[in-house]
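Following this line, the structures themselves.
There are two complexes below, and they share chain A, which is joined by chain B in the first and by chain C in the second.
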Partner chain A sequence: MDFLEIVINILSSGLPCCLLALGIFLTYRLLDFADLTAEGSFLLGAATSGVMIYNGVNPFIATFTSIIVGALCGVLTGVLNRYLKIPKLLSGIITLTASASIALIIMGTAKGNTESIFKSQISFGNEVFKGSPIQTIYSLFTPYSYNADYGIWQVVAPWGELIKLLIMFIVVAIAMVLIYFFFGTEYGMAIRATGMSEKMARAQGINTDVATIVCVAISNAVIALAGSLYVQEAKSVSTITASGYLVIGLASILVGEAIFGKRTFKNWLISVALGSIVYFVIVTIAVRLGLPTELKSLLYAILITIALCIPLMKMGFKKLFKKNKNNKEVSKC
Partner chain B sequence: MFGAGSAKLFYKTKEKKIMKKMTTLLLTLAFTAVGLTGCKKGKDVKIGILQPVEHEALGAAYEGFKEGLKKQGYDEDKVEFVYRNGGGKEADITSFAKDLVSTCDMYLGIGTGASQALKSAADEKGKTNPLLFTAVTDPVEAGLVASLENGKGFVTGTSDMQPLEAQIELIEECFEDSEKDFDKVGIIYTSSEVNSVAQADAAEKALKAKDIEVVRKTCTGPSDVSSTAMALASVDGLDAIYVPTDNNIAANTDAIKTAIRGSGILVVTGEEGMMKGCGHVTLSINYRDLGIVTGEMAADILKNDLIPGSLAVKTMTAAQCDYVMSSKNCADTNVTLPASVIEKCKNLD
Partner chain C sequence: MLELRNVTKRFNLTGSVEDERIALDNVSLAIKPGEFVTIIGGNGSGKSTTLNIVSGVLTPDEGKVLLNEYDITKLQEYRRAAYFGRVFQDPMVGTASDMSVLENLEIAYQRGRIHSPFVWGFKKADKEYFIEELKRFDLGLENRLGQKVGVMSGGQRQALTLLMATIRRRPTIRMMRRDYIKFAGLDSLVARKEFDEEFTRCQIIKDEKIAKAKTSNLSKKEIKIIVKEAKFEFEQAMLAKFDLTKQILLLDEHTAALDPKTAKKVLELTNKIVRENNMTTLMVTHNMKDALTYGDRLIMFHSGHIILDVSGKEKAKLKVDDLLKMFEEADEKLING
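So, the complex of A and B:
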């Protein structure tokens, strides 16, 4: 039972991160575009879904709106980079910076917020229950029972978590399948070609500017979806919600590739998705084994280094050995 | 990333082996973890504590919590404390919250974010183990309790709302014996911070009730604290400035100190930390005491098997707070406090 709980905890934290990692993967690996917009679109996706659900909008519409907001962030970054000729890193930073203020304005549209147009946090933890207008995509399908002792509506024990995981899994699976098929189409291939060699792609008659913008938009739409899934689980969003996610996403890509390989595009996608779960597996188990939580970042850094170095180390040793031999021979001469 | 083509080749041949090894390693680790957590150490209760980030005040609240439990007879022999620190990463805070909720009998959230994470994790799992929070300024706004009187649910705790009215009275007290006419107070805060706006509104109301004119100036971010403070300090006939608790200004206290230099304007801040930076005197919550009160509430729940909802959210009264002053800031900015105030203050310099 305990083991099952650990697995549930890891998956429910990890699945939204899968989408985040996939989003970052699309720009960072396929397009070779280090896109710092990620944390910004994650925050905006979370803020948009959060405020719409708080206002009583259907959670599916809220999730869909988040995706569009994320895509708009991506378009902005893309346009800054392609048409205003701002360097890639910098255009990501510009969108990221703007998103902090925009999130405040988006959250300011919450109902009952009349004094100012800004709001720095939204929470709807107490309002989600059976029959309430405020629902998340998980709670719509979750069985609730009334607990008279405490006077609150309560999730029926194991089902709430399992249904949540199932819904998360379905969303992640749909996103992955869509990404897989889109990047197999002619236009998807054109985007991948742009990432590999822009000059060559241009020579083939691909409009690389548009291809870049489309890819960054898709990437950020996926990341915003991750934010939306996250906020519906956490039931609260504030301006610091996205802190630390970019690093986890990037590390997920590297660790996933190192452990699970990247032979084919399909294999590559799945590796990246699994990589983000590895982070939570490592941290949860290490902390359970009694590692002080203050040291967890260090532990993860060491493990990433080891995971990335296993292949290179083995090859390196061989080469080093050979080189030393050669060097000795040379020096003897 | 891996650069060399040779590394890629290596993947094709050795990848399966590495994968197998990693999976075995992870599984072994996982099962050891399960085995270790499986054996309980025969303590009465296991309390999970979640702190979002390394922070002096929050750490003091945690120490206070342990002390409060100890006072009521729940020392470390009886209680097992499971302490988790999120290190400022939201992803870790939520994942630790889930882990604590599935393993512990009672939880303490320090600060708004950590308490919310614990509450939503408990909600998701359908658990009703007691959840206490501390150092949360507005638990109703944060969605932790339905009202400060509480009455239902499994959540209760302490709020770190500052004793605002007593702080305003302190401003008045500083001018009681002086020959200067005391009739104008400035308030400076950041417009995007909900807590600060609420406190500024309350302070204005309290001041106006005493027939004191109020000048409000707002800044929008770190870059305009300085210019806003200058504008406020140059208002004609200003006697004092009240700065509510405000994260943006707390990070830029020097700007205010520079603006008031030599003007003799008294600065009273919302809390101790900001007072050290730019203020002269204040009445501030002691986070250790706040933690002790929370610990006593926890002991009460354990001892009498209470439903947490039946305990109202506690705030610190002015009598439970400390008067603090900074003699260095007073000397730097030519402000002399009356002897009656200095007498009851703890000097932090």
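So, the complex of A and C:
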């Protein structure tokens, strides 16, 4: 059972990060736009969903609102970059900086928060059960049974976690299919062309400003959805725990590409999604082997470096191999 | 007809008046439909600036750009794309390297139309058309539609860009009408009336043909073929009269980054395409020999002025030495005057 527990742990933190990685992939790889907004839209997505669920709103409406908030973040970054001519990195940083304060304000609208308009942490861990007004998209589908001895509702043993994973998987799959089909349409192809050669895109009659803004908006909407899934899984959100995810997403992309390749667009998408799972497998193994959690950040940094070097190493191996081959031929002569 | 009227463009490098450089000084130029113009000139003489002003990358400080008498000076670059096909100097710029040949062609084929987010980008009929077009190029690209453009050589990429600049999906009747009213150089009411009259006339011919086929005792299959033919003829007649797009090809030193052998091949391909489709073409080049060999009009720029404009027999008589002499004379004039 210990093994199963580990698998569930990996998947329940890995699947939301699949979406995160996909979102970052859309800007970082397709648009060649190093978008730091990701960090901010993840936090805002988590905060929005968290506060709405805490206030007893339907979790589907909460999730949907998160997506909209993420898209708005993206539009803001895109407009800053495209129409105000602020460099890409800086416009991301501006949105990111603003989102930290906005997240505090959003969380400040939580029920019962009368002291100030800000709040830095929301937790609804023990209040999610059958019959309570607080529901997440997972608990809506989880079977509960009434325990008469303690007078409380309990999750029916193996189902809670499995249904959670299933719902996560379905959401990730739907998002992936939608992304795949969108980027195969005429406009999706136009967006990809914009990322590769803006001059060419404009010469082919594509409004590159709008294309960029649309792509950044979609990317951040997906990232906010990841934040929403994350907060409903963790059942709590604070400005501290929901930060640092940009690095994780980036690392997932690099690991996925290095291991599974990027031959076609479909292959590339699946690689990125699987990358985040692999990433969490590596981190979990390291922690299980006794790595102190204080050293986690160092591990992240080393992982990213290795992943970035894999293509170079692959080339090096190929060269070595070719040299050997040539030598053999020479020796044969 | 494409026309530059008294165009002036200044580049202000550092912001002070002293550093101002005039790239184009009151240049006027008119290019007839179907004309193949080669443009030569030294570095900074204004030849590339001219092309950039025509394609909308730069806006002139003074003067106008006219397309069929219609002022397009303020039309944005991407909106002009329907009327201009462009090939750049850098082979990496003209195509999207991480996308396949097919994807690149599909994007280019949709030029001047809305790239819809609800329509799947790949169409079976298009693919057949692309294969046919690529076969004419004779580069072996027709078997490599799925390949990423990034792995292809500079010459192949440039040839692909050339094809991308010349293909374009047939405009719909509505688009043709809109363009004709806007760009025909006529009063909008006159243009509208003319278009509508011709449209009704063509439609009557089409309807008559179909009605005739239906009343005769032909089999259903034959009637279908006749109906299809009539529709095709109708479309062709309209296109021949009112299609104002796909006329102008802008080539910005498109062989400069290629080796001599490939450059020659690409140039010959260019010439073939231009002549077959009877396209209006502006070709900027550094190579005087190419400028003399190809095209039917030659324009030489020097420090923002047109110093030579010859066409036809006069151009045929010119030799590289004459051009060099003219360059030197112009330089001397600049220094002395």
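A few points about this structure:
Everything below uses one rule, namely that the second predicted complex is superposed on the first by the 286 of 333 C-alpha atoms of A that agree within 3 Å, B and C clash if a C-alpha of one lies under 4 Å from a C-alpha of the other, contacts with A are read in each partner's own complex, and residues count from 1 in each chain.
As a working rule, a contact is a pair of C-beta atoms (placed from the backbone, for glycine too) under 8 Å apart; a residue touches a chain by one contact, two chains touch by 3 or more.
Computed from a predicted structure; not experimentally measured.
For the composite obtained by superposing both complexes on chain A, the positions of chain B and chain C are free of clash and fit together.
More residues of chain A are in touch with B than with the other of chain B and chain C.
Shared-chain residue A:Ser12: touches chain B; no touch with chain C.
In the superposition on chain A, A:Ser238 contacts chain B only, with no contact to chain C. Of the two partner chains, chain B is the only one that A:Met315 touches; chain C does not reach it. When both complexes are overlaid on chain A, the residue A:Lys266 reaches neither chain B nor chain C. When both complexes are overlaid on chain A, the residue A:Ala193 reaches chain C alone and has no touch with chain B. Legend: residue contacts after superposition of the two complexes on their common chain; A:Asn126 is shown touching chain B, with no touch to chain C. With chain A fitted onto itself, chain B and chain C come no nearer than 7 Å, counting C-alpha atoms only. Residues of chain A that touch chain C in their complex: 181-182, 184-190, 192-193, 196-197, 199-208. By the touch rule above, chain A contacts chain B in their complex via residues 2-3, 5-6, 8-10, 12-13, 17, 104, 115-116, 118-121, 123-128, 147, 149-152, 154-157, 160-161, 164, 230, 233-236, 238, 240-245, 248, 254, 257, 259-263, 280-281, 283-285, 287-290, 292-294, 296-297, 308, 310-312, 314-315. The touching residues of chain B, when paired with chain A in their complex, are 1-2, 4, 6-7, 10-12, 14-15, 18-19, 22, 26, 29-34, 36-38, 54, 83-92, 94-96, 98-99, 102-103, 112-113, 116-117, 119-120, 123-126, 128, 141-146, 151-154, 191-194, 197, 307, 309.
Those residues of chain C that touch chain A in the shared complex are 55, 76-79, 81-82, 84, 86, 88, 92-99, 103-104, 106-108, 110-122, 164-165.
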